[in-house]
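Data first, discussion second: the structure below is written as C-alpha cells.
Per-chain numbering from 1; labels A, B and C assigned in written order.
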Amino acid sequence: MNKSRKHAQLSEFWRRYKKNKTAVMGLILLVIIVGMALFADLIVPYEKCIEQVGADRLQGPSMAHFFGTDEFGRDLFARVVHGSRYSLLIGLATSLMALAIGAVLGASAGYFGGVVDNVISRIIDVFMCVPPVLLSLAVVAALGTNLRNLIIAITVSCIPGNVRLIRSVVLTTAEQDYVEAAKSYGTSNARIIFRYVLPNAMGPIIVNTTMSISTMMLSAAGLSFIGMGIQPPSPEWGALLSNAQTYLFVAPYMLLFPGIFILLSSMAFNLVGDGLTDALDPKLKD
Amino acid sequence: MTEILLEVKNLKKYFKTPSGMLHAVDDVSFSIPKGKTLGVVGESGCGKSTLGRTALQLYEPTGGEILFHGQNIANLSKKEFRQVRTKMQMIFQDPYSSLNGRMTVRQLIAEPLIVNKVCKNRKEIEERVTKIMDTVGLANRLSMAYPHELDGGRRQRIGVARALVLEPEFVVCDEPVSALDVSIQAQILNLLMDLQDQMGFTYLFITHDLSVVKHISDEIMVMYLGKCVEYASASEMFKNPVHPYTKALLGSIPIPSVESCHKKRQLIQGEVTSPVNPKPGCRFAARCPHATERCRQGDIPLREITPGHFAACHLI
Amino acid sequence: MDERIKDEILKIEDLSIQYKTDLETVYAVNGISFSLKQGETMGLVGETGAGKTTTALAVLGLLAERTAKVTSGRVLFEGQDVCKMSEHELQRLRGEKISMIFQDPMTALNPVLTVGEQIGEALYLHNEQELSKKEIDRKVEETLEMVGIPRERKSEYPYQFSGGMRQRVVIAIALVCNPKLLIADEPTTALDVTIQAQILTMICDLQRKYGTSVIMITHDLGVVAETCDKVGIMYAGEIVEYGTLADIFTGDCHHPYTEGLFGSIPSLTEDARRLHPIEGLMPDPTELPEGCKFAPRCTKCMEICKTCQPGVWEKNGHQIQCHRFTENGEVKR
C-alpha cells in the first residue's frame, strides 16, 4: 500500500510536470545533453579530441569536422562532446554540494537564530568579503590542481551566497503558524526543518541552484583560463571558450559552439528547475 | 467539587525587547476544573495568546507554576514531559497559515500521532485518523486533498482534528473562530461544544469576541496589558461587570438589534498603551474615567467582590 | 437626519460582474439593484465571497481591467454611468466625489510619506479651487482634527501611529475632499472593540455633519445595526433581502439566509446552549446552482427552488428574493 501511494504521488507529479510545456522542452534538452555526456565515447572516440593534425589547423566547420578545428588542428566537435562530461560534472556536483551544505548551515542559522545564527553568519560574512574567484584560487593553490580540488574550490566559493539565501527564506518560513503548530504537538526540530520549513522554502532555493549550475561552469572556465582548472589537453566547455578568445577574429566558430552548449545546458537546467518548483507546489495543482 | 485539571499560579512571561522588558503576562493565576471552559478575553496585545502558549510550555515562563493534574510540569523530565504534552493541545487562530500546505489532510492529521509515536503500526494510525475525521465532520473523500483546496471552515476542522487526534485532556483554543465567516463560526463553535460534551475536554478559550466567549465559557477572565482585571462566572460577568474596563468592553460591542441604531454610547478614550516596562499601579488608569492618584501607586491585587467574582480595582 | 436634499446619488441597476480567466468564469455579482440617497447609509452584509467588495470596486470603476467584466447593468453616480467613463473621468471621480476606506489600516498607508503629505495628496490631485499651499495645509490640519488627531501630528510617519489612529488617518484621507459618497469596506474588522466603537461613532458623526452617503460593507450585523439606515443582505452575488434597518432586524418576513445569519450569532442577552448555523458552505462562484443560489443550504427548500430563479417579493420597499413569498412572479401572501 505504501508503495502504491508513492507510485501514485510520482505519477501525480509527472502529470503536473507535463502540463508545463516549456519545462518538458527543458527536460528533453537536458536528456539530450546528459545523453551526450554519458555516451560520448560512442558518438566520437576520445582520441579524436587530443589528436593534433597540423594540416587542419583553424579549419571552419565542414563535413570532416562538424564544428571545425582549433589552433592545434584538434576536432572541436569531439572536444565539445567530451567536454560535456567535465562541464556537467563540475556544474552539477558543485551546485548540489553547495546546496546541501548551504541548506544545513542556512536552515540552522535561520531556524535556531540566536548564537547559532550569529556564529554561522559572521563566518559567512568573512567569506563574503573575499571575491569568489580569489577564494577558489586560494583553495586550488592550497590543494593542488586536479578535478576533485577544482570542484571543492568552486563549491566553497558558492557556499556563502547559498547560506545567505537559504537563511533568509527559512527565516520567513519558520515564522509561519504551522511551524508553531508543529512545535505544539511535539515535533522535533530536525523534522520541522525537513518536513515543514525546507519544503515550503523550496521555490527560491531550486531556482537559485539551477541558475548556479551555469555560473559554476563558467567559473570553472575562468579557473581553467588561468591554468588552475582542467589541465590541457582535457576538453572542458569553459576552457574551450576562453581559449577561443585569442582567435576571436580568425575563427569565431571556436567561440560559437562551446558557447551555444553552455547556453543550452544552462537554459535546460533553468527550465527544469522552474518546472520542478511548480510541479512540487500543491497550491499550483491544476 | 470537581477535580481541578489545570492550575496556573502567578504565571509571568516577560520578553526582552530593545526598549525594555515587555510584560506580556504579569502575575496571572487561574484554575480550570475538568470538563469546563475558561474564556480569556481582551484586546490585541493584552497577553491572552502568550498566556495560552505559556500554559502549554511553548514559551518558557519567566515565573510561576503550571500544575497539570496537580503536578508541576516545569519539573518533569523530558520523557515525562512528552507524555504530558500529548495531553495538552492547541487549536490555532488562522486556518490558512497554521496548516502546512505541502501535506494532505490525512498527513496533517496523522502528524501528531507519528511524531509522538503513540501508534503501534500504520494501520492503527489510519484507523485513528479516519475516526477523528468522522468526529469533526470531514468527509473521507477529502483525505487526499491539500488544505488550500478547502474553505476556511473545513480547514479549521482539520485544525480541530489535529489537536484532538491525540485524545488530549486540555485544549487551548486561540481565537479558533475569529478568521471565519459567521455561519461557519457557529458550526465550529457547536462542534467544539459537542465534542466537549462527548469527550469531556477542558478548554482554555482565548478570544476577543465577547459574544463568543459568553456563549462557550463557564468562567471568564478579562485581561488588560498582561494583568487579569476581572474574573467571574460567565453569567455573573455579563450581568454584573464591576471593573471599569470590563464595563467599557461590554459597552463597545455593537448589538445586532434595531434599538442600537444611532445610539449614543459610553466610549473609553485612547488606546491600549505599551506593556513595555509598565508603570506601577493599575494598567488601565491611563484610560479609566474614574482613575485617581491612588490607582497609580502600587499594584492592585484581585479582590473577591462576591463569592467567585474577583476584580482588581480600588473603586469597588 | 438632514431632510434638505433626498436625491438619489447612486443607483445600481441589474449589475452583473464576472471574472474571466483562461480556466474558469467566476460569477461574482449577479444582477443586483439598489439605490442610495444623499446622506443615507446603506449596509452591505454578507460572508466572504458574496460579492460585496466587487460591487464596491465597480462603483469606483476600479475593477481589474484584464479579468473583470461588467456583463450587464449600470452604475449611475449622479446620473452618469461609471462603467462608461474614461480613465480620466474616473480619476476625477475617485477621491473627489467617491472615496473608499479599506479594511487594513496597517497596509493602506505609504510608510515613507508623512500623514500630512498623504492627506494633502488628494487635495493636490483634485485642486479645483486652486488652493494655495498654505490653504491646503490648513485644510489638512482641519481634517486631522476632525478625525480626532492633534494637528501637530501631521508631520509624523504612519509607523508612529497605532492601529486605531492609522484608521483615523485613512478616514481623513478619504474625507479631505468632502466626497459625496464614502465606501467603507470592513473599516473596523481589523480593530479592537473599544477602538471599533470609537471609529464607528466618528464615521456616523462626520456623516451627519457633512451629509455624506455611506456604503458600509461588513459581515457584522452589530455594526450594521449601529450605523445603517438601509441594509442589503448579499449571498452568492445577489441581494437576497433589502430593506430598512427595521425591515431586516424585526418582523418575521425574512429570507431564510437572513434568518440563518441571525441564528449564527451568539447572543449576549439570551442563553442558548446551541447555535443554529446554516449548514453547508457557500456555493462555488464558478458553478452556481441553478434556481435559487441558497437552495442547497436552505432548510425551507422546495422543489421549485432547485430549478427556478426566484423573483422579488416587495412590500413598502422591503424586498425578498425567495420562492416562499412569490410564485411565478406573483406575491403569495
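As a working rule, a contact is a pair of C-beta atoms (placed from the backbone, for glycine too) under 8 Å apart; a residue touches a chain by one contact, two chains touch by 3 or more.
Nothing here was measured: the structure is a model prediction, and the numbers come from that model.
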Of the other chains, whose C-alpha centre is the longest way from the centre of chain A?
C
Contact-pair count is greater, between B-C and A-B, for B-C
For the pair chain A and chain C, the C-alpha centroid-to-centroid distance in angstrom is 53
Distance from the CA centroid of chain A to that of chain B, rounded to the nearest Å?
49
If you average the CA atoms of chain B and of chain C, how far apart do the two points sit, in angstrom?
32
Footprint of chain A on chain B - complex, ascending
56, 58, 82, 85-86, 89-90, 92-94, 97-102, 111-112, 115-116, 122, 146, 148-149, 159, 162-163, 166
Chain C contacts chain B in the complex at 47-48, 162-165, 192-198, 200-201, 204, 219-227, 245-246, 249-250, 260-269, 271-279, 281-282
Touch list for chain A against partner chain B, complex:
1-2, 176-178, 180-188, 191, 195-196, 199-200, 281-283, 285
Spell out the part of chain B that touches chain C in their complex, as residue ranges.
43-44, 151-154, 181-187, 189-190, 193, 208, 210-212, 214-216, 235, 238, 248-249, 251-258, 260-263, 265, 267-269, 271-272
